[in-house]
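Just below sit the structures, each encoded as structure tokens.
Two complexes are shown next, each including subunit A; its partner changes from subunit B in the first to subunit C in the second.
Take a look at the complex of A and B:
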């Protein structure tokens, strides 16, 4: 063991590289990365801090469920709360209308965390041991109570309450409809112009930007059969994002693309998530999973961005259930299920496919 | 279940939502899509009717002359003979390739009828397959999504075939729409079908009764199966609910002279959705045999209930005890061999050098 030697080697870890971010809503992470929040506290924890600046996040939609909208809404709201400029593109005629559905942040964090614990206590029936749980995650609960929402890195969002008007009338929101234009040239130019505001240089970051593109290959868009054009757009967007202090989230339904295109899009993402619908009133699933009644869908984390490092991020669990707590707050929970016979399944490491339909391909990550 | 689909179409969309849309898919194995289509059409209109005496339906006829050829051929051709038995207004539409024009024609016709009485806009498309023959997928998808998001109030029918149904009345409500269409799934690429399913909120697919014909069956059996398929089938519906869950329903249908009948599924099929969940290596569930064995295990700290003093087995075998125990174990073993499946707990201590348990048994104060 070389523990006794304190020889200074010529290599020394340069921990002072990352400038402490002055802007609210940013957090520095390992390997000199800076994170911004996804808007969902559980997702930030799963991903190890949030979305790193300069990364491309892709979310694979399920054609049968709108859960990607939940992720997008939280992402966009978080950006607006932190006053980060936002570019939103969608295939609907009036994308501005979507802004009206963005959720509002919950003002006091304690209100929610205390509500969570008694429910869990009653559920599990173990009243002695679990009261310590509140000391694990929510450390320093008293400290947080007097911070206002602007300074919190990640807010809880109340999906039933719409975001206040003054957030939406700010100058820094750009909305685009991608339904009508026959090709992506105009969209690409718009993105380039937007991202030019956040170009990276060695000075400290003044603010970070967010790009949210919804249902990128939706069939009603005219460019949707031009697969190579779409791929080249994503590639150039990724290049632009890398060079700037911004994060882009693109959602797309993989079953509407050809299999090879779909694979290429999955590989080009830095962080890859997918959402799945669950069948309604399914007795087998209800027996297999606890908490089935509250679940609205499943979230799978296929790939987590590893920036500035060769070491990949390996998660303990990759499948999470999406629940709406009290029909307001989005929570992600690890699945509690009865395991199946080992001979019929394959282990976590090799299976990436959790698809109910056979159209999505298997992913080996 | 077919009732519930029609009810969903009738109820329409909530404020801010897109209109519900039903896709009916059939294939060559079960070519009964138009029967189901007619069923839904009649049900929808009779649901809407509910007491109103007058009814009105408009048809946009894209079948007779879709590309305007008859128009351009002047001369002896007499094309003005759409004398229908029913007094239905049918407007000829000649520019099927231009979907913008089609959309505006729909809306125009709709608004014309709307002026005669407030009503709900419901669009039924006899065959999207026909539309896809003339126009690209993205433009058809564009049209359908615009129809879904258009909040108007009227009922018209776009037909590839002229509709022969009776006229119905539109329902009084504001800004509610619904739409449904028919699709022949074997005439399109998978991508096109996936795109249309993406655009609809309910997908109904017709499947033959017996899915696979085993090659080893005799010809007679095949014929009887074919005959069964020619009149009956299964109707599967995947229904996208507002909370993001998908309801899967299934019914059998039977085509008769009078029309189509839906009956609940005769055979029970359990669909286990384990494909959704990750598979884990170990198994915590017990098979029947294991469960019985577990019930038979004699637990060490329980009263056996037979008046004997409790023997707490601690796994150590000292010499003297060993002999005695061996004798008793042997006799027990004989008995156990006769008893089948008696469970045992086998405990081996790590080594005999370990300190023996102290005399104070901490569990003595438990009253079992």
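Take a look at the complex of A and C:
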């Protein structure tokens, strides 16, 4: 058994592909895990397949940029494309209006070019490709080869094109405003009622559900200064999610919580992500990173859900750039350090170092 | 898994001969989960013979009488899963047999309800939980009481369950500590140290560190990411 062997190095268990779950939009993973897609193909790959059913995903917002909305929109759109019931809660007075901003899936793979840097291929002269890893992903097969968008596990979404109306008129969308209620009891009951339809049992999964909660501790919410009540709600939600075939994504601005409370929220999460804005015209970053001008933000993966395994997921990198390809498609890329200027003998990156990460560093290559 | 096989470095450090130490405190952080130590203790406990365990994972009980051969053949762990009747894979171990033999009792902190008001006078909540633990221990034969392991994963979640009442959680932990002194049980707790790092006087953290016979700290590597290396562990043995 694997447990009898001494761990040598990067041994990975050869897991055979289990039969796909019957419900659409779900995928079997290792160790009996069932995933549903985040709606972002690159993020699914980073996380090892997607979000495991029964897990709680938390996204730490950056108050300087709404990049968490990109993650939330794609997550919600993917669920609606797969006809997965959705519960959406937001501090807005009219949360249903947000559905009109959800992106539409790309209908054809030809519509999106995978050739991200055509100019490099046409350059004359010999160039040594030191950042070859970013070209490997183009040749990997997709999880599903179906052309039908509804049967693809993870779609590419066109952020400039709104989701078709027939997806939004379905009966399986529940929108809630969490601004006015003075406490979270009613919201908890709504979540319980919604998640009851996805209760886990030993039979096959007929349908999976999605819960999307935006800016949970936003100051306009009446309960926003009741930290223990919010923690209690998250604990209850996690307990409910555990017993259901659903995934909950909660975004929150950690700066609005006390440091201690923020850490508690982070610990409760099974998968923990954070988004960060990239300042415009930052010359230091521009010198340090290649492709800086195309980046709109950074995504950090702090924690990945461990399902049915004692081996935690160790990522090669934890920080990824958020880019909008052709200003329409959300992509995540590993950060690549800029090359050394050979002519002058000095490094473009005066202080940047791939190996000098500390526990408090924000960029991990 | 045979408990007579060669021990690991962690085994040697923990010196788990089930007579001492009495309190093991595991501190971890968001970046590095320390629950693997809990899993290790659980697996060692399950695979050893003639053990009674009280395992509190999300506050659970684990009481077993094992034959020499372990019934465990499958290991899978989802540290935050539990409490559901259909989830019999907890913490990397197949716990169906112990549950069926009533040797494993599990309490799910995600669903534990602590009523408001005077905890000392109301039923339910942490006092009720402690009474359950004590009742089971007392019901066991005297010889077997020393083979009990109480595992709590994690204390900060217990605080949330107690609606932020740190004093009640501390009282509960102190009562559990008396069990270790009176009956020779083993108490293993997981605590997230980074939650309390911003506090001036984190009573919960400091008191548990004081009570610990072994303090284990799991942290990320100080040199950054590395393939196949999850983090670093520091052990401090406090007993004499």
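FYI, the second predicted complex is superposed on the first by the 281 of 365 C-alpha atoms of A that agree within 3 Å, B and C clash if a C-alpha of one lies under 4 Å from a C-alpha of the other, contacts with A are read in each partner's own complex, and residues count from 1 in each chain.
As a convention for this text, a contact is a pair of C-beta atoms (placed from the backbone, for glycine too) under 8 Å apart; a residue touches a chain by one contact, two chains touch by 3 or more.
These figures come from a predicted structure and were not determined experimentally.
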For this session: Pick one for A:302: touches subunit B only (first), subunit C only (second), both, or neither.
Result: second
Exercise. Does subunit B (first) or subunit C (second) touch A:50, or do both, or does neither?
Worked result: neither
For this session: Tell me which partner A:200 touches in the superposition: subunit B (first), subunit C (second), both or neither.
Result: second
For this session: Look at A:232 in the shared chain and tell me whether it touches subunit B only, subunit C only, both, or neither; answer first, second, both or neither.
Result: second
Problem set entry | Which of subunit B and subunit C A:316 touches, first, second, both or neither | second
For this session: Look at A:242 in the shared chain and tell me whether it touches subunit B only, subunit C only, both, or neither; answer first, second, both or neither.
Result: second
For this session: Would you check which partner chain A:268 touches, where first means subunit B only, second means subunit C only, and both and neither mean what they say?
Result: second
Exercise. Touching A:29, do we find subunit B (first), subunit C (second), both, or neither?
Worked result: neither
Problem set entry | On subunit A, positions contacted by subunit B and by subunit C | 258, 318, 355-356, 359
Seminar exercise, completed: Within the complex, subunit A is touched by subunit B residues 16, 136-139, 141-142, 144-146, 149, 190-191, 194-199, 238, 240-241, 243-248, 270-285
Exercise. Okay, in this complex, where on subunit A does subunit C touch?
Worked result: 3, 7, 9-10, 31-32, 54, 200-202, 227-228, 231-232, 235-236, 238-239, 242-243, 258-260, 263-264, 266-268, 270, 272, 302-303, 306-310, 312, 314-318, 355-359, 361, 364
Exercise. In their shared complex, at which residues does subunit C touch subunit A?
Worked result: 1, 30-31, 33, 36, 39, 75-84, 86-87, 89, 92, 108-111, 154, 156-157, 160-161, 163-164, 192, 194-199, 219-220, 222-225, 227-230
Exercise. Can you name the residues of subunit A that touch subunit B in the complex?
Worked result: 63-67, 91-93, 97, 179, 218-225, 253, 255-258, 276-282, 284-285, 288-289, 296-298, 318-319, 335, 337-342, 344-348, 351, 354-356, 359
